[in-house]
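The same chain A turns up in both complexes below, where it pairs with chain B and then with chain C.
And now, the complex of A and B:
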């Protein structure tokens, strides 16, 4: 933590960056996002296990971009989000610097290539518990699964916190705000809730970097990350690609191979 | 279930399957009449939301069909659509929606007989599956 604070002080004092996007202590023992713009205020920064939010979500916000070049205190998921945003041409090389915080050091990653190498060196499969969680629902019968999700979505408030928390839901005009035609009904009833959640998952297919912030942001605890995980696995097993690993290249659904599997097509 | 007349919506591309279905008619082949055809420029244009809206509007089954691979009028629309269908099927299954209710197919402009067979087989399957009551029950406040 001291290494992080002194690095932040140095970056701001030398005007290498204009803002540090990091974590500060919030209420109830939780960490909250903080935007440090003066070296003297760098001591507000913290980093521990409670720092889970994917801060890359702020990179596409105009009010944050306006602050100038940023250094982002990055969890592994935030690094993947940066790479995915770069691959989608949302951020350019040199526009930001990532601070990968280790046990007692801070590694500044200044280029996308450095972030790619950092992510690749620590890339791993899901933990046994995470695999088990997904498997638990897949092992259910179709009807049981339908009831499970119907019950989950019945609590959805259409608050769109999942969208706000997602670093890759950056469209300035989302389909849910379109009303000619009205793709997603405004009231939070069962049909609209299902349509919204299907659309959110589909629009993130081949793009989600698996940070889990959608599920964490949900005020009624719908396990939204499961939908994304299911599609991450589908995209990886069928098309062999994983998002958030490279700052270049197409998303799985914006490209194709002539010999993609089609055994389900009559 | 034998007297159940399923409502089937077919989303087809203009260049292959729509022409194929036309050929079925001009060849005077008879096939199941429960299908409503919606013509699109390309399978690449057939968004998954359209499929959901068809179910919300009371469809019991859906057919999505277009040009065979390498035959797309816009060269790659069907290849992109194919990837999207793979992912969409995975999601539908995970949400507990029976993927047998959506039949994907390639029908060229010369395959009038294949179109008739596709519609007949899909109609039979949907008839066996019965009305899509689970989905239609979701239609709630102010939707119809």
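And now, the complex of A and C:
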């Protein structure tokens, strides 16, 4: 934590960046995002297990962008989000630097190539518990799965916290806001909730960086990450690719290639 | 008993179960905090055993009993080019007891009613309210997000409750019968109660410290309205979701949607980018900082001015639910202490 604070002080004092997007102590044992703009305030920064929010979500917020060049305190998921945002042309090389915080050091990553190398060197698989959870879900029959999601989505309030918390949900006009025609029913009834959540999962297929913030943000605890993980597994099985590993655009589901093996697309 | 005297009695847990049975027998449904996994929220129950009063607050407010997240206002089926207008059958709304709501939630009913019955009475809301009886439970615990006392409420406040229970320990509740609806809800159940014998709830109540001076908030908000830097600073980490509005017991903004010949009223939130977006494409509040300002202004300046009631009761749900730890109490303190 001291290494992080002194690096933050240095970056601000030398005007290398204008803002450190990091974590500070929040309420109820939680950590919260903080936007440090003065070296003297760098001591507000913390980093521990409570720092889970994917701060890359703020890279597309207009008020945050206006603060200037940022150094982003990055969890592994935030690093993946940065790469995916770069791959989708949402951020450009040199616009920010990432601070990867280790046990007692902090590694500034100033280029996308450096972030790619950092991510590749530490890329891991899901934990045993996470695999078990996904396995249990996949073991359900189709009918059982339908009932499972019907029950889960029956609680959905359509507050869109999942969308707001997602670093890859940066569309300035989401499909649910296109109302001529209304593609997705607005009401939080069974059909509206099913269409919203399935549409969102499909839009993130091959793009989701698996930070889990959608599920963490949900005020009614819908395990949305299960949908995303199922699709991550599917995309990896079919296309051999995982999002958030490269800053070069090659999304499995939204890249057209003239030599695509499927003839329906040609 | 002198009719002016407070009607205070005692009721035990077993007698409470009989009271639940009486309400069900009278055709009422009972909504109460019920555990579902990690969350406790208002749901239909039949016995006190299903009720969970452990958490300081439920995740969601009980406002859905009066203002469901989706409700049909009327329908207009068409056949052979003719449109028929079908009103809702208000008499068919089931009489409801909301049991176990906290004094802050009970106080919130006045704020909801002030909005829905502001210029003209909302028929559906009013019918639901008329069919609603509130049996509150005083708070014997609070947490860092509670601030009812800063807004004139309190952990044992009776406003909005038809009956208020206070857990006196040992399976015994002090029951204060507040209103005519409360009296009706225990009609014929006199034998279930014992005399209160001078028992007092005060020692059982949570201590909720005053956190700011409410008198300073409205003038400060008005003075800060154009202070863009203040609002940007206050809302930098806000992501613009509707979680705060949707768990709020007083947020009453709604959106109207027509769907298959039905006109639906759906919850809406001032946090959304589409909220008040004009047909021309102009948005009076294009930035999140302006939407956050609107949230505070509406609750603490516009509603007191127009409806003579605060749009907040200090339940703290928005702060607990916020995915990025926006804490309304901190923001109100910042407003009250700001030097514009």
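Here are a few things to note about the model shown:
The rule is short, and it goes like this: the second predicted complex is superposed on the first by the 255 of 266 C-alpha atoms of A that agree within 3 Å, B and C clash if a C-alpha of one lies under 4 Å from a C-alpha of the other, contacts with A are read in each partner's own complex, and residues count from 1 in each chain.
We take it that a residue touches a chain if its C-beta (ideal position, glycine included) is under 8 Å from a C-beta of that chain, and two chains touch if they have at least 3 such contacts.
Just so it is clear, the model here is predicted, and its values are computed rather than measured.
Shared-chain residue A:219: touches chain C; no touch with chain B. Once the two complexes are overlaid on the shared chain, A:107 sits clear of chain B and of chain C alike. Of the two partner chains, chain C is the only one touched by A:62; chain B is not. Once the two complexes are laid over each other on the shared chain, residue contacts for A:44 go to neither chain B nor chain C. Shared-chain residue A:3: touches no atom of chain B or chain C. Applying the stated contact rule after C-alpha superposition, one finds that A:35 touches chain C and leaves chain B untouched.
Once the two complexes are laid over each other on the shared chain, residue contacts for A:189 go to chain B and to chain C alike. Once the two complexes are overlaid on chain A, the chain A residues touched by chain B in the first and by chain C in the second are 185, 187, 189, 192.
Within the complex formed with chain C, the chain A residues making contact are 26-28, 30-35, 53, 57-58, 61-64, 157-161, 163-165, 172, 177, 182, 185-189, 192, 213, 216-217, 219-221. By the touch criterion stated above, chain C contacts chain A in their complex at residues 37-39, 59-60, 69-70, 143-145, 232, 235-237, 239-243, 245-247, 255, 257, 259, 264, 266-267, 269, 272-274, 287-289, 319-321, 323-325, 327, 330. Only residues 137-138, 142-150, 175, 183, 185, 187, 189-192, 194-195, 198-199, 201-202, 205-206, 226-227, 230-231, 234-235, 238-239, 252-258, 260-262, 264-266 of chain A touch chain B when the two sit together in their complex.
The touching residues of chain B, when paired with chain A in their complex, are 48-49, 52-53, 56, 69-70, 76, 79-80, 82-91, 93-99, 103-106, 118, 121, 134, 138-143.
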